[in-house]
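In the two complexes that follow, subunit A is the common piece, with subunit B as its partner first and subunit C second.
Coming up: the complex of A and B.
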């Protein structure tokens, strides 16, 4: 049975479990039809030219995991930013874990997608925002058809959320192969502020495929600070679709740290729908072995006087493969845009590969758009300089690589995340030194 | 000397008469429009080609019919109906006009601005004229000089007859028949083109150009050019012309193959100014060209192009840097105005060690045009110490045009260095104001700024072209000032 057939037959099983009278279920039916038509993206499609999903989808995934596993706080503690107080929405094998989470309905909502989809109280928000932004391609349609759970974050006007919100998806390995379809919705009202950390983590070496969709809406003057930490096991793959809509004077900063996983594909789309928006897309990728990380970004400027900054720093060792496909689209009306895109890569091994495609599509004349893409090595002179002063070769290399990635780290606003990422980088590079000297 | 020339001229004229007569005969045979194996056999027979050439064409045709027209380029156009084209037309034996007065005054105005001599104007516009003694003598002296050095420079149909061993050895090695849709079509039906061979260690003493080939007919719709630079040789080849050509053919699908053997250098410059269609975007030429060069050890290929014409351009002059230490260069200016669309760029494939490539691309879009740069830099895992530098700058004039960049970078070598940068901007109001202040009107100021913007590429053009190209830029952008 092909993957597609399995999906179509599993949908009937899903219908037995969910309330079929809801708005969300109506969308599910439409999405299933669209998935049936579009299917899984193939290599011949331009967007997946350098990333083959074939090996991911020839496995027999379990789509409906068994009920909650016995996972204790101690098991997951290392994967949380535990030093800080935070709201937590924790999922185990795609199912919400109430005893590990800390949600709220006080002033604003940080809760579950399942309750938001089924409770009429939330239907105005769901009907206004749910599935409005995510692109309607094969994989997002697959998610829409099967999504039942995820984080629902809705923040009204004039609220600065006092502590970060952590959304973590764990997979336990109870199933030998598992596919999950997390679905997140973040709606941030006028003048509000929020910090969100998202992570997908598997707790065993079993096969996991996560097909995640996140929609973020930032209203006027809202500020959203979003961090994605990807440091998973070698058998875990992630296909992430994140779409962001910004109204005037808003600022959305999104950081992606890709340090591990078999195949990681990040589809990141920003749509600016108002003047004076600022979008910041930053990323650090450090991978080795046979890992594959693909960043596909789009910044669509539809209104004048906006800015966007993209900065992706990537280091590849062994047989790792990196893909960067960045696109900046400037509409005719979007004059006085300042769009900047930078992609720097270091290939450490001769077997590693990077495929980059930084694109500009510009229809307005009064704009400043630039992109730069480099592929190179560590500076031999700098290495020699450090070695001549008694710093070991390995440490010297690590220091240089850290310095290479540092411009992205500097823009991380949560100190705990910064120090966590710094430690992860040191571990990745196999050195004991702390970089915050 | 002068007497000799006159005698020579007389002979030339007689030959010419004969040629015309011969062609007229052919013309009376009608070839049905459309594309079929039969048509290819007729073309081959008319050209009196050997069997191997016919086989090669037929092989290409069989590949072609299995292919589909590509649609990945960032251009929109109505696909040409290949069955509505006549694939063999004898060169125009009858002049289009009897005197210059009948020629479109707009065209003459452009000639004047470009500073083209009256005789040349007549030739370009297709006016009947006596053969200019000067040009003929120039052409013949040039041919003699070339022959002395052992350089072969002739139409490719002649080369097929007279140097079959060279043509057979190299034709289709760089652009195989199945390379792409239009290359396959070209391989099957190419009418004529140029062939050039520079022997070992010879430095070609002059810029080879189609310009001087008085005796040969106008460039065809499906041109095939093959340039071979043997070990240690050098050649600079010029193609095209700054003067606008009012070609009736809607589709041009040419193929250019360059082969630079060890230590050789080829410099290939193009100026293209085909009919871009009128200001409403009606008509115009589709220019779908495949150009590629192969560099052996220490060889160098340099492409320079100035693209101002054609309604739709689809062209990627490429270099395959196969030999160690080989160098590929690409310098391009693409200007689009009104409803023109250009999707152009280059491919640099690094296979050998220490290979270097430089890409400088300047796109200028005005009016309602769309201008895209599409390039590939590919570094093979064995290409140690490969180096690439790419720079793509776009200049937008007016708020209804578009500039796009699609660079593909594929690198699998850790010792290589690749740099790519692209910028898009418009002409600063302060720059124009500065010029205005000093008494330079806006139109002239824009020309000045555009010239400065394109300087890096213009500098790479051979002298005689550079001056005309500069003026051409000015003319192409006329009336684009908002």
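Coming up: the complex of A and C.
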């Protein structure tokens, strides 16, 4: 049975379990039709020219985990930023785990997509925001058709959420091949602030494919600080679709740290819909072996006097493959904007590959747009300099690579995340030196 | 301390050093002078173990141990220090952290424990004062945006921190104004002891007014063609290198 056929029969099974009279289910039906038409993206499509999903989708995935999984706090603790006091929304094989989560709060909603989609109390927000921003391509449609669970974060006006919200999806490996469709909605009201950490983590060697969709709305003067930590098992793959809409004077900062996983595709779209918005898209990628990480970003400037900054630093060893496809679109009305894009890559091995494609489409005439893309190797002179001071070659390489990536880490506002990422990088580079530069 | 016998070295199959013999004893300062392209920097880099230079013959012994097969960091652990003619800029790594890593990696290789943070700070304070280095500049990225003089002072600061047995100063005077030259030379002189040795590589005699050598060698076309006391440097300053060239060609 082809993947597409399987999807259709699975949808019938899904309808037995969900309330089919809801607004969300109406969207599901539309999305299913859309998936049927569009299917899985092929390499002949420009957006997937360098990333083939073929081998991912020829596996027989289970779409609904059958068994409840007994996971204890100790099993997941290493994957939490546990030094910090945080709200936690934990999912195990796509199902919310109330005993592992910590969502007690009163001023705003951190709850489950399943209740948000079914409880009339939330329908004004759902009808106003849900599926309004995500692109309508095959994979997001697939997610919309099957998504039942995820994080629903809705923050009213003038609230500074005092603790970060950690959203973590664990796969236990109870199913030998599992595909999940997490769905997150983040609505941040006027003048409010929130920090969110998102992670997808497999707890076994089994094949896992995650097709995740996140929509983030930042109202006027809102500040959103979002971290994606991608350090999954080498048999786990992730296709992420994150879309951000910003109203005037808002600031959204999104960091993506990609160290793990077999194939990771990040589709990150920012839409500025008001003046004086600031968008920050930062990423660090360090991969090796046969890992593949694809960053496809879009920043759409539709209003004047806004700024956007993209900075992606990437290191590829062995036969790892990277793709950076960064598009900046400036509408005719979006005068006086400042759009900056920087993509620096180091190829440590001769067999590593980076496909870099910056794209600027500018229809306004009074703007500042700059982009820079570099591909290089580690500086041999610098290595010898460090070695001549007694620093071993491996450590010297690690130090150089860390220094290369460090400018991105400097913009991380949560110290615990910075130190966690620093440790992950040291581990990834196989050294024990501290990087407190 | 250092015994070099019949050293041959080439880069990209071009022979640069054609049989160097040199012995440097503990407590001594040797100056190596010579016209441009004579192989001075190559000699410094070969002793420090730079991989691009291929050693095609001879031996380099440090304290009676052959070091020519060792990696640059292993030579550093045994006490070899090279002050670079053109110190490398390393963005993102602060001077302090670089030093901390270098010292602790060396201590680890020598089977010692890591240096305590307090001791490290004390030493950094002491050595940076000796070289009149502004403390602010220790938290800046290594050599990035440093002036020529700052880079050279920073090299000698690193030397002071690492306390090597054999220091090789490759054109340390280039790019220094007279005040910086005095500070750098004072630093080097303070570090001199009966247990260490220094090789000063220079094109001009100027530095040798401040760091007074026990021996002066002239390197020309990959060989040491003349050796003498400090008065040889003076003579080279007055007469240039042409008479040496003539002597050699004759």
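What we mean here is this: the second predicted complex is superposed on the first by the 433 of 437 C-alpha atoms of A that agree within 3 Å, B and C clash if a C-alpha of one lies under 4 Å from a C-alpha of the other, contacts with A are read in each partner's own complex, and residues count from 1 in each chain.
Assume a residue touches a chain if its C-beta (ideal position, glycine included) is under 8 Å from a C-beta of that chain, and two chains touch if they have at least 3 such contacts.
Note that the structure is a prediction, hence the values are computed from the model and not measured.
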Based on the superposed arrangement, let me know which partner A:381 touches: subunit B (first), subunit C (second), both, or neither?
-> second
Please indicate which partner A:45 is in contact with in the superposed arrangement: first for subunit B, second for subunit C, both, or neither.
-> neither
Look at A:395 in the shared chain and tell me whether it touches subunit B only, subunit C only, both, or neither; answer first, second, both or neither.
-> second
Touching partner for A:403 - first (subunit B), second (subunit C), both, neither | second
Given the touch rule stated above, what does A:15 touch, subunit B (first), subunit C (second), both, or neither?
-> neither
Answer with first, second, both or neither: which of subunit B and subunit C does A:205 touch in the superposed model?
-> neither
Does the superposition put A:364 against subunit B (first), subunit C (second), both, or neither?
-> first
In the three-chain superposition, say which chain, subunit B or subunit C, touches more residues of subunit A.
-> B
Residues of subunit A touching subunit C in the complex | 379-382, 384-393, 395-396, 399-400, 402-404, 406-407, 433, 435-437
Quick one: in the complex, what on subunit A touches subunit B?
-> 46, 332, 335, 345, 347-377
What residues on subunit C touch subunit A, complex-wise?
-> 48-52, 71-73, 75-77, 80-82, 84, 87-88, 90-94, 97-98, 101-106, 109, 141, 158, 162
Listed in rising order, the residues of subunit B that touch subunit A in the complex are 72, 379, 381, 394, 396-426
